[in-house]
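Lettered A, B, C and D in written order, each chain numbered from 1.
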Amino acid sequence: MYYYAFIVHKIPVGVFGASGYAGRELCALIVGHPALELAFATANEQRGTRTRIGGVAVDFVATEEAPLDSAELVFSALPHGASKQWVTIARDRGLRVVDLSSDLRPGNGCEGIPYGLTEIARKEVRDAQVVANPGCYPTSILLALAPAVSERLIAPGSTIAVSAASGVTGAGNSPKRELLFAEVSADFRAYGVGNTHRHLNEMRATLSQWGADADLVFTPHLLPVARGILSTITVETSEPVADPGSVWRAAYKGEPFVEIVDEPPALKDVVHRNVIRMHVMPLAATRKPTLLILSAIDNLVKGAAGQAVQNANAMLGLDETLGLPT
Amino acid sequence: MYYYAFIVHKIPVGVFGASGYAGRELCALIVGHPALELAFATANEQRGTRTRIGGVAVDFVATEEAPLDSAELVFSALPHGASKQWVTIARDRGLRVVDLSSDLRPGNGCEGIPYGLTEIARKEVRDAQVVANPGCYPTSILLALAPAVSERLIAPGSTIAVSAASGVTGAGNSPKRELLFAEVSADFRAYGVGNTHRHLNEMRATLSQWGADADLVFTPHLLPVARGILSTITVETSEPVADPGSVWRAAYKGEPFVEIVDEPPALKDVVHRNVIRMHVMPLAATRKPTLLILSAIDNLVKGAAGQAVQNANAMLGLDETLGLPT
Amino acid sequence: MYYYAFIVHKIPVGVFGASGYAGRELCALIVGHPALELAFATANEQRGTRTRIGGVAVDFVATEEAPLDSAELVFSALPHGASKQWVTIARDRGLRVVDLSSDLRPGNGCEGIPYGLTEIARKEVRDAQVVANPGCYPTSILLALAPAVSERLIAPGSTIAVSAASGVTGAGNSPKRELLFAEVSADFRAYGVGNTHRHLNEMRATLSQWGADADLVFTPHLLPVARGILSTITVETSEPVADPGSVWRAAYKGEPFVEIVDEPPALKDVVHRNVIRMHVMPLAATRKPTLLILSAIDNLVKGAAGQAVQNANAMLGLDETLGLPT
Amino acid sequence: MYYYAFIVHKIPVGVFGASGYAGRELCALIVGHPALELAFATANEQRGTRTRIGGVAVDFVATEEAPLDSAELVFSALPHGASKQWVTIARDRGLRVVDLSSDLRPGNGCEGIPYGLTEIARKEVRDAQVVANPGCYPTSILLALAPAVSERLIAPGSTIAVSAASGVTGAGNSPKRELLFAEVSADFRAYGVGNTHRHLNEMRATLSQWGADADLVFTPHLLPVARGILSTITVETSEPVADPGSVWRAAYKGEPFVEIVDEPPALKDVVHRNVIRMHVMPLAATRKPTLLILSAIDNLVKGAAGQAVQNANAMLGLDETLGLPT
C-alpha cells in the first residue's frame, strides 16, 4: 500500500530561443520540473508552429511577441550576440534572467554579472537578477581545475594543457555541410585550434579572477557522438600530490552534481544527467610532479540547460536538484 | 587506344598471425601488391579454414606448420609476447622479418634491432634482417615530434603533453564486452591513463635515443570509429617558431607518405592510406612559446600493416611506395 | 510556493539474471519506481560484486542464493532455456513471476500462461501468477497487427511481409566478434533469414490464437544502433481501408503506451520510453488493397523490461504507468 | 625481379555536377582510371575553386563554361530536372553522355534511351549515344529481380514486397537539418512511404517492359551509415524453387560485378566496390511458395558512379572492368 500527494504552485518561466538543441533541452527540463511551468517559448523561424516536448504541446512565438509579464524568470538560449539585448529588455521588465549565451560571460567585457558555475558561485547566483550561464567546455574544465586553484596546487607560471572533445550538438542544429552524418561519422578532428576558440577567453578570465598563475592551452575536437564533452587536462603542480582524489572529494563534499570517481569517466556515465564526473591522478614517471584530470559532462545538460535550471533553482530559492536528472 | 604489359617475378612472403585486424590488412596489401605474393598465412585458431581476401582464396595454417622455406620474408602480426620466438625461428632459417609486435621495439630490452619508422631509419631498415615495426600511437607521435627533436626546438626539461585517440581496431578483434558496439557507440573515454600505456616506453626510449631532453605525458582515448588515430601534441619550444610548417616540410621533403597541411587533419583524410598527415602551428597568447602539432594516421595502415610493407619494400630493394595506397 | 509529500510502502521485487542489458534495464526501472523496491538481483558470473544502478548500490547474488521470500514478485531475465526452472521454483514458493525469456511464450509448448502483451491481455495478466513477457520483435509486430486482426481487415490466405531491424542490444551483451563495434559500425545485414528466427513461432502461434488466416514472412536485420526496433509490415486487405489511422486509434483508445501518428515513426521517438509508436497508411497504386504499417519500440523498454514492469504493475494492482518513462 | 610498362592514350571525359557525393566519386574513379582522363569538372556553386581528388588537382568550372569539345564523353551528375538540358546540349555537340539523373530513365516520359543496367542492357549501351544510368535503389532491386522475371518464376498478379535501407549519402550533400549527425545517429526510419518514392516509377516501368505481371510495394529507410543499400525482397513464385541460388548464378554467369553468395550480404561486403552481392533462398513454412532475395550495393559505386563508368567503358569499347574496384 502506498500513497502520495502533491500540492504545487508552479513558477512560470519563459525561454528565448527554444528551437536549438539547448533550447529544446531547457523546455523538456521545464516541462518535467515539479516547481516550474513553461509560460512561453520563442523561436523566430518557427513562430506559429506547435511542437511536442515531453508530452506537452508547446507553441513557439516570435521573441518580440513573448508575453514577458507572464513569467518570473526567463532563460535565454538565443545565439551569441543576439542574446544581450533581450536579456536587457527582460531585466528591465523586472524578470530574472539566466543567459545561456556567451554575451555576459567573463572576458567578454561584461563585468559584475555572476558567472553561474553554481558549485563555485552559489551565493552570488542566489541573489543575482541576471546570471551568465557558463559555456559547455568551460564548465567541464573550470570545475575540474577549481580545487587545484583553491588549494594552490598549480606550479606558478606553468602551462595547463587541455585537450577536449565534444559531441556534435555542441555545434548547434543549423544545417551545415560539415555537420552532416556522412561527414562526421567515422571521423575525428580538432577545430578552433591554436588557442583561438571563443571559450578560451571565458576560461582565462575566470582563472585569472580566481588568482591562478598559469597559462592555458586549449584544443577542442569534434567527436562522432551526439552528446557529451570529455576534457583531458594536464597540470604541473608545485609539489607531488599523492592522493588528489581526496582533495577533489573534499572540495566538492556534499555537492549533488559532482562525482569524483576512481577510474576514467566515460561519456556514457554522464549523458542525459546534470553531473560532472571527474577522475584525478598523479602521472607516473615525470620529472615535474604532474596531475592528470579527466572530466565528463553532457554538453546540453550540465554544460547548458541543466546547469541553467540549477542556477534558476538557486535563484528562486528552490532545492537545487529539483527537476534535474542525476 | 592504349596498351600496357606486366612482366613481374613476385617475391614470396608469409604472414604469422593473419586473422587479426592488422594481419588481415597485411594479407590484403600483399595480395594487391605488384611485386609480392602471399606464400602462407598462419592463424592458429582458424587453421584449416579458407577465407577470401582481396578476391584471393587464402588458407590459414597453424604457425608451426608454416612452410617457412617458401618465403623470403615474413611479417609477424602475432600477439605481443608470442611473436619473439617465431621471429627468432624465422630469422634462424634465413628469412628476413618485419615484426609488428612490440617484442623487439625500443624500451623492451631488445637493442640492436632497427626501429622501423621508415622515414627516420631508412638506411638501417634496408640492411636489416629483422625490423621492429613501430606501434600505432608511437608512429603518429614520433613522426610528429622528429623534426622538433632534430631541429633542437624543444625547451630542455619541458614536458610534452600528448592526448591521442584511436579507433577500436587498435584494440584487436578478440571479443571483449567493452568493445561491443552497444558499449563503444556514443561513448568516448580515456584508458591506460597515468602514463601506464605500454607504448609509452617505446616512445620514451626512442626520444631518448634521439637525444631529446623532455618528459612525455601520454593519455590515449577510445573513439567510436573503426579506424584512425589522431594525436594532439603540445610542445614548449626554446624560442618562438614563427613558421613551423616550413620546418616540418623541410624535414620531410620528398617523403611520399608524409603530408604537412595547413589545417587540422581529420581521420577521414588518412583512413585506408599509408600516410601520416600533420599540421603544426604556434599557439597564440602563451607566455612560453608553444607549438601545437596534430597528426593523423590509419592505425592499421601507416600505424601497422602499411608501414610494415613500406619497411619490407625498403628491405627488398623495391620502390618504397609499391603496393601502398596513398 | 509549493509542497509535496510521499507516504509509500514499497513492494519488494527480485530480478533473476540482472547483468544482461534487459536485466540492468529492469533494475534501473525498479530502482526508480515509486511503488517497487529491489529485494535482490541475481547474476551468477558476477555474484559477490556490487554495481551502481540509478544511483543505488546493487549487490549481485547467485540465483540459487536469492532470498526468494523477501520478494512478492520476481522478474526472470535469465537466458532462454535456463529460465523455466527458476520460474517454476519461484512460482512454487508463492511468488508471482514475469518471465522475460521465451520459455513460456506461445508456440513453445507451454499453454495456459498469459502472454503479456498488456494492451491485449490485460485481464488475464492481472489475475495471473505467471506471465510470459513477449519478445521484442513480437511486441513491435503483434501490437501493430492486432487491430487488423480484430477488425478482420486481412485478406484471407494472404501473406504478411515483415522486414524488421533491431539495435544490437537485442543480441545481448555476451562478447561475440560479430557484435564488436568495428564489425557492426557502418554495416547493415539480415540475419535469421528464411523464416528461421526463433520469434517466428511466437508470432505465428499468437496470430493463430487470434484467429488470423494469413501467412507471416519475417526478416530481421541488425542495425548499427544500440537500441530500438523498427518493423515495416505490408498487409493485403480484403477491402480498401481509406483511413486506417482512425481504425488503429479506435482500437488503442485510452492506451497510455500506444501512439498512432501521422508520419513514419523513428527510433528516436521511442528510445528510453515504454511506448509503441505506429503509422498506418494505404499503399498507392497497388492492384490489391494493401496497408503499410510501421511500428517503432525500444527493444529494451516496451520490448522487454518496460513491458515487464507494465505487466507487474497490472498484476500488483498498481496504476499501469507507474515508474515507466513515457 | 620484376618489370612493367605502360603505353596509354587516355580518353578525355568530363563531369557535369562534380561537387555532390556521386560527382566526387565519379571524379575519383576517372582520376584513377587507366584509360580515362578528366577533361573538365563543373560545379556551379564552387566554380573557380580547386580541390584535390585522388591526389590530382581538379578545378571546378561553371557548367556553361565547360570546354565540351575537349571531351569525348560526359557524365552528368546534375540534379534531377536540371540535367536533361545539359545532356541535350552535350549530345548535340556530338559527345556521348551517361546521365546519372533520373531525367531520362524509364517512367519519366523519355523513351528510347537505353537504361544502363549494364548486365541487362549491355548491347544497347554499347551502341548508344546517351545512356540513362539507373538509380541506386532500382539497381539494387531490379538486378535482384531480373532472373525471377526472365525465368518466369513470379506468380502472376502477385505483389513483390521490397523493404530497402540506404546510407545517408543517397540523400546528397546539401545541408539539411534531418541529415545532421545529431539527427541521423542512433536513428532509423522509413521515408517516401506509401509507394510515393520517385524511384518507384522507374522500377515499375522497367518491370513492365520486361513483361513482369506483378505489383511492387517499396518502402525505403534511412540508415545511420554513410554508404550502402540493402534491399530485402519477398517474391511469391508460381512453383517452389528448390535451389534459387543456382538459377541466379546461371543468369549472371561470367558477370564480373555480380556476386551470388550463400549467406545474407552485408553492406561491409560491398562498400567502395562496383558490385552487387545477392543471396536468394526459399522461405520456410509458407503456404504459397515464396523467395527471399537480399541484395547489397554501394549506392555511390554500383548504384551511381561505378555503374556510370561501367557503362562508359562499354560505350567506349573498353574492358568493362577497367578502373572499377572489385
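By our rule, contacts are C-beta pairs under 8 Å (C-beta built on N, C-alpha and C of every residue); 3 or more make two chains touch, one makes a residue touch a chain.
Computed from a prediction, not measured in an experiment: that's the story for all the values here.
S.K.: Under the document's definition of touching, what chains do chain C and chain D have as common neighbours?
M.R.: A, B
S.K.: Relative to chain B, which chain has the most distant C-alpha mean position?
M.R.: That would be chain C.
S.K.: Give, as an integer number of Å, the spacing between the C-alpha centres of chain D and chain A.
M.R.: A distance of 47 Å separates the two centres.
S.K.: Where the centres are mean C-alpha positions, what is the separation of chain B from chain D, in Å?
M.R.: Centres of chain B and chain D (C-alpha means) sit 37 Å apart.
S.K.: Centre to centre, by mean C-alpha position, how many angstrom separate chain A and chain B?
M.R.: Here chain A and chain B have centroids separated by 39 Å.
S.K.: Using the touch rule from the top of the page, what residues of chain D touch 2 or more other chains?
M.R.: Correct list: 183, 185-186, 224-226.
S.K.: With touch defined as at the start, can you tell me which chain C residues reach chain B in the complex?
M.R.: 21, 167-169, 173-177, 179-186, 224-226
S.K.: In their shared complex, at which residues does chain C touch chain A?
M.R.: Contact set of chain C toward chain A: 1-10, 34-35, 55, 185-186, 326.
S.K.: Mind pulling up the chain B residues that touch chain A in the complex?
M.R.: 157, 159, 161, 163, 165, 183, 186-191, 193-196, 200, 215, 217, 219, 221, 223-228, 230, 232, 234, 236, 264-268, 271, 279, 281-288, 290, 292, 294, 296
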